[in-house]
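The letters A, B, C, D and E name the chains in turn, as written, and every chain counts its residues from 1.
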């Protein structure tokens, strides 16, 4: 069973990698990252459930990963806002080009 | 698992019932609306542009604060469950949390994060 | 593990992958954000079937707020946020697909080849309480540092995103960009 | 269709959902319909089955009326309240006469619609796209590139500067003239960024003026009994308070104020005080109006008095002076202060009416009408208020803007009515 | 309880509750007419909305528009499953029942946002963003006061929370909890003074472009959310099915109806709040009260 869940997790992770690499917009890149975190959460819980005999540190890891995601999201949005205020663009390539 | 299967069934049943009510009415008496009938209402004059736009929310600072607060909440659920058993340790922990939350709230308030930018 | 649970896991798993994929296939930013939420909800449902009811539900609870904020910010900053003019806003498309498929294959191989010890969660355990004891016992430091880190994020995000700060307006002295973002994307 | 017939029979007994369109001279008539239990006046044409078109309109405004008609959900029926026909609304049921007749007509029309024996009205405007868009663009959606073209018949909004430095989209839109959230006939050309008004212009009024006598204008030329003037003032204030209460979703109190305006007699002061207490208990001042629309430099009647300055044309009048009249004032200058001020003035007016006896006032070319100083040769106070509107509303959130509009007692029709020289 | 029974049970409770909301709403509105017309009113009104045709806008997000009312109804239903009506009568009195309920009530934000966003019309759009502002402001205090009831119970199961009130109800033990719960609860259902996304200034807001069956489902679902909030409030603050003499289900009903009446009454007693003021109110007033509630309840529980 754990193999099936890990396969699902791998597939979500692959989609996340694709999104994070292919998207031009900051926020869309963040969505790719969040999908990868989603896959990570699933994998951790699968290991916790199947192989650790219910060690609570597995759950703790999930909570920490979620906290990391919240931090990433909050700082990401704050930066997007600050950058947009100055540059009026939210696309990575536009920014590269705008750099003097 | 257990009871949550029942919850899932109830969830789906309610959604399906609502969708069926909507779908039935179109099946019983199909109507095609004309262009003027589909114009969004804003008092009688058709809009010049689409309403969908890069909508400027005025509370984005507060939205960011919510993200962090939401995460703090996640820690509080397991904490509440073991509170009575852990006793004074948990109480001290909670004080720290409340302090963090209050500091974040007061800072944002001071930075005018709860008003329309 | 009953057949019904296996069935549920597979259904939700497929749902999580498909809705994750749709995030990058839709033109509307609101739909993209809520497809991502659907992916998280599906994963949350899988977690529930894996004896971690609390984690699954809390994931769903968190994501509702976070994805609405995501939608709000995406609509705010993306051109054509509702996808009224369909668009393709990608770069290095082929590399990205290759990387995505590659990472899937790698992880899938690991998942299938590696031999995991079978040591399931004991019956009758209360994972939420265990997590609570863990947080207030052995791993108190993690708990504390997460709390403090979140406070730092609160203050940092507010300071970075806000219009007003103790050093004056956020956009004071900023230069106009030399190029306007072009119409039509690339 | 058995189910349809059953539902129709049940539905026929429901309150008639009415969307009101208010033309010149019909504002208080339509307001009074809110007291009728047979009708339910709704804010959106999508919720209505019957549209009541009351008052008079200049010929050029018919298109907007037809647009609202088509926005009514099917099945629908139109009632023209008033003898003079509106071109384009030829199928409308014409009712002239008093309120009872129009309510009866609305109920009959609704029963007909529900039981299926009466025909619902077809759309009145032609079924054509405002802009040709079909077939253009890669998906035939009418657009090109990222934000170009007219996807699905309309262009997209474009960016503009904002006070917080985020240059995001601005939506130019005309709000009104038939939006029930605004005073009838008020047409606002607004630029919205998010829910904040970036720019605003007041459009031409789609109302035709009707000649009407009101005691305040009469008092410009000849002395009028003070009791009559003050009762009219109290009635006006109570109607206005009813409207403000309706906008903040206090329907019950709004009806109470409206009923009170019909029963405004000199001895009704205690009832007004009770109304004021109920309003204060509802949190109107604290939750909805405090700090909204601070205006301290507009020298118009009660707006100035709500900012603490005791200007009142009545204090110049010998008739009023003989009664010992002194203007009441309130501090605060915000919308809450304006409501409190008018409540206090209502009580004061009722007291004046009670003590006036046969005393008369006026005849000197100056009189304080319910809004402010009405003087021969200068624009009416309603026009001054309407003119001040753009300055006051720019930068306000939409909900606050609506509150401010109502707190200023904007009346497009009264603003048009010039003061004869 | 098997799935069919569960669906029927929740359906009947929500249906009766929504009907009661409509009747009470009319009573508090001071509508004329006798008892008969009051009792018939919800039925007649629903019949009208079913006869009325659904309206559409120019270029809506049609799928999301169809989904939004259904989602709201589903959330009301699923939130109700976590509550035990008697010690044995519950669909999903699961170990994380409070989280289940909390998640359902927070996702209401998604349903309302979609309902406002989908028609591509300016006032519903503004309404959608208003509700997002509201939800982000009441979300934390709402979750906090619900969570606090788990402290004495040492469990996140609603059944355990009810059982923990055997000696003393939470409304006494956590006196700040119920008031904050009622205020934020009314905001969850955008009811009463918090009818901010459906206010008259927006000509109906999220419901502006909805007519006929869409509007009917939307209104019924919103009433359903109120019912769910009342039943849950009765369970976690008023001791749910605990009480002398009467059977458990009767106590649950009596307490729920009391809270429901309070909710509906607030719809006619208070002016609609400004949205900016609500944001301030949620963060600067409700949140500290909720935090004090957590702390005080912690001390009491020790």
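The working rule: a residue touches a chain if its C-beta (ideal position, glycine included) is under 8 Å from a C-beta of that chain, and two chains touch if they have at least 3 such contacts.
Computed from a predicted structure; not experimentally measured.
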{"item": "Per-chain Cα centre nearest the global Cα centre, belonging to chain", "value": "B"}
{"item": "Pair joined by more contacting C-beta pairs (A-C or C-D)", "value": "A-C"}
{"item": "Rounded Å distance, chain B centre to chain C centre (Cα mean)", "value": "16"}
{"item": "Whole-Å separation of chain centres (CA-atom averages), chain C against chain E", "value": "28"}
{"item": "Whole-Å gap between the CA centroids of chain B and chain D", "value": "34"}
{"item": "Contacts with 2+ other chains: residues of chain E", "value": "50, 53-55, 58-59, 94, 99-100, 117, 120, 122, 129, 132, 136, 139, 143, 154, 156, 203, 208-209, 212, 276"}
{"item": "Multi-partner residues of chain D (at least 2 other chains)", "value": "4, 44, 46, 71, 74, 151-154, 156, 159, 164-166, 168, 171, 173, 179, 194-195, 397"}
{"item": "Overlap residues in chain B, where contacts from two or more other chains coincide", "value": "4-5, 8, 29, 31, 35, 37, 39, 41-43, 47, 50-57, 60, 63-71, 74-75, 77, 80-83, 85, 90, 108, 116-117"}
{"item": "In contact (per the touch rule at the top): chain pairs", "value": "A-B, A-C, A-D, B-C, B-D, B-E, C-D, C-E, D-E"}
{"item": "Contact set on chain D toward chain A in their complex", "value": "159, 164-167"}
{"item": "Residues of chain E that touch chain B when the two form their complex", "value": "1, 3, 6-7, 10-11, 14, 50, 53-59, 66, 69-71, 73-78, 80-82, 90-94, 98-100, 117, 119-125, 129, 132-133, 136-137, 139-140, 143-144, 147-148, 150-152, 154-156, 203, 208-209, 212-214, 216-217, 221, 276, 279-280, 283-284, 287-288, 291, 294-295, 298-299, 301-302"}
{"item": "Touch list for chain C against partner chain A, complex", "value": "1, 6, 9-10, 13-14, 16-17, 20-21, 23-24, 29, 32-33, 36, 39-40, 43, 46-47, 50-52, 55, 58-59, 62, 66, 69-70, 73-74, 77-78, 89-93, 95-97, 99-104, 106-108, 110-112, 116-122, 125, 127, 130-131, 133-135, 138-139, 142, 146, 149-150, 153-154, 156-158, 160-161, 163, 170-171, 174-175, 177-181, 185-186"}
{"item": "Sites on chain C touched by chain B in the complex", "value": "4-5, 45, 48-49, 51, 53-54, 58, 62, 65-66, 69, 72-73, 75-79, 81-82, 84, 128-129, 131-133, 135-136, 140, 143-144, 146-148, 150-151, 153-155, 157-159, 161-165"}
{"item": "Parts of chain B lying in touch with chain C, wherever the complex brings them together", "value": "1, 4-5, 8, 50, 52-57, 60-61, 63-72, 74-75, 77-83, 85-86, 89-90, 93, 96-97, 100, 103-104, 107-108, 111-113, 117"}
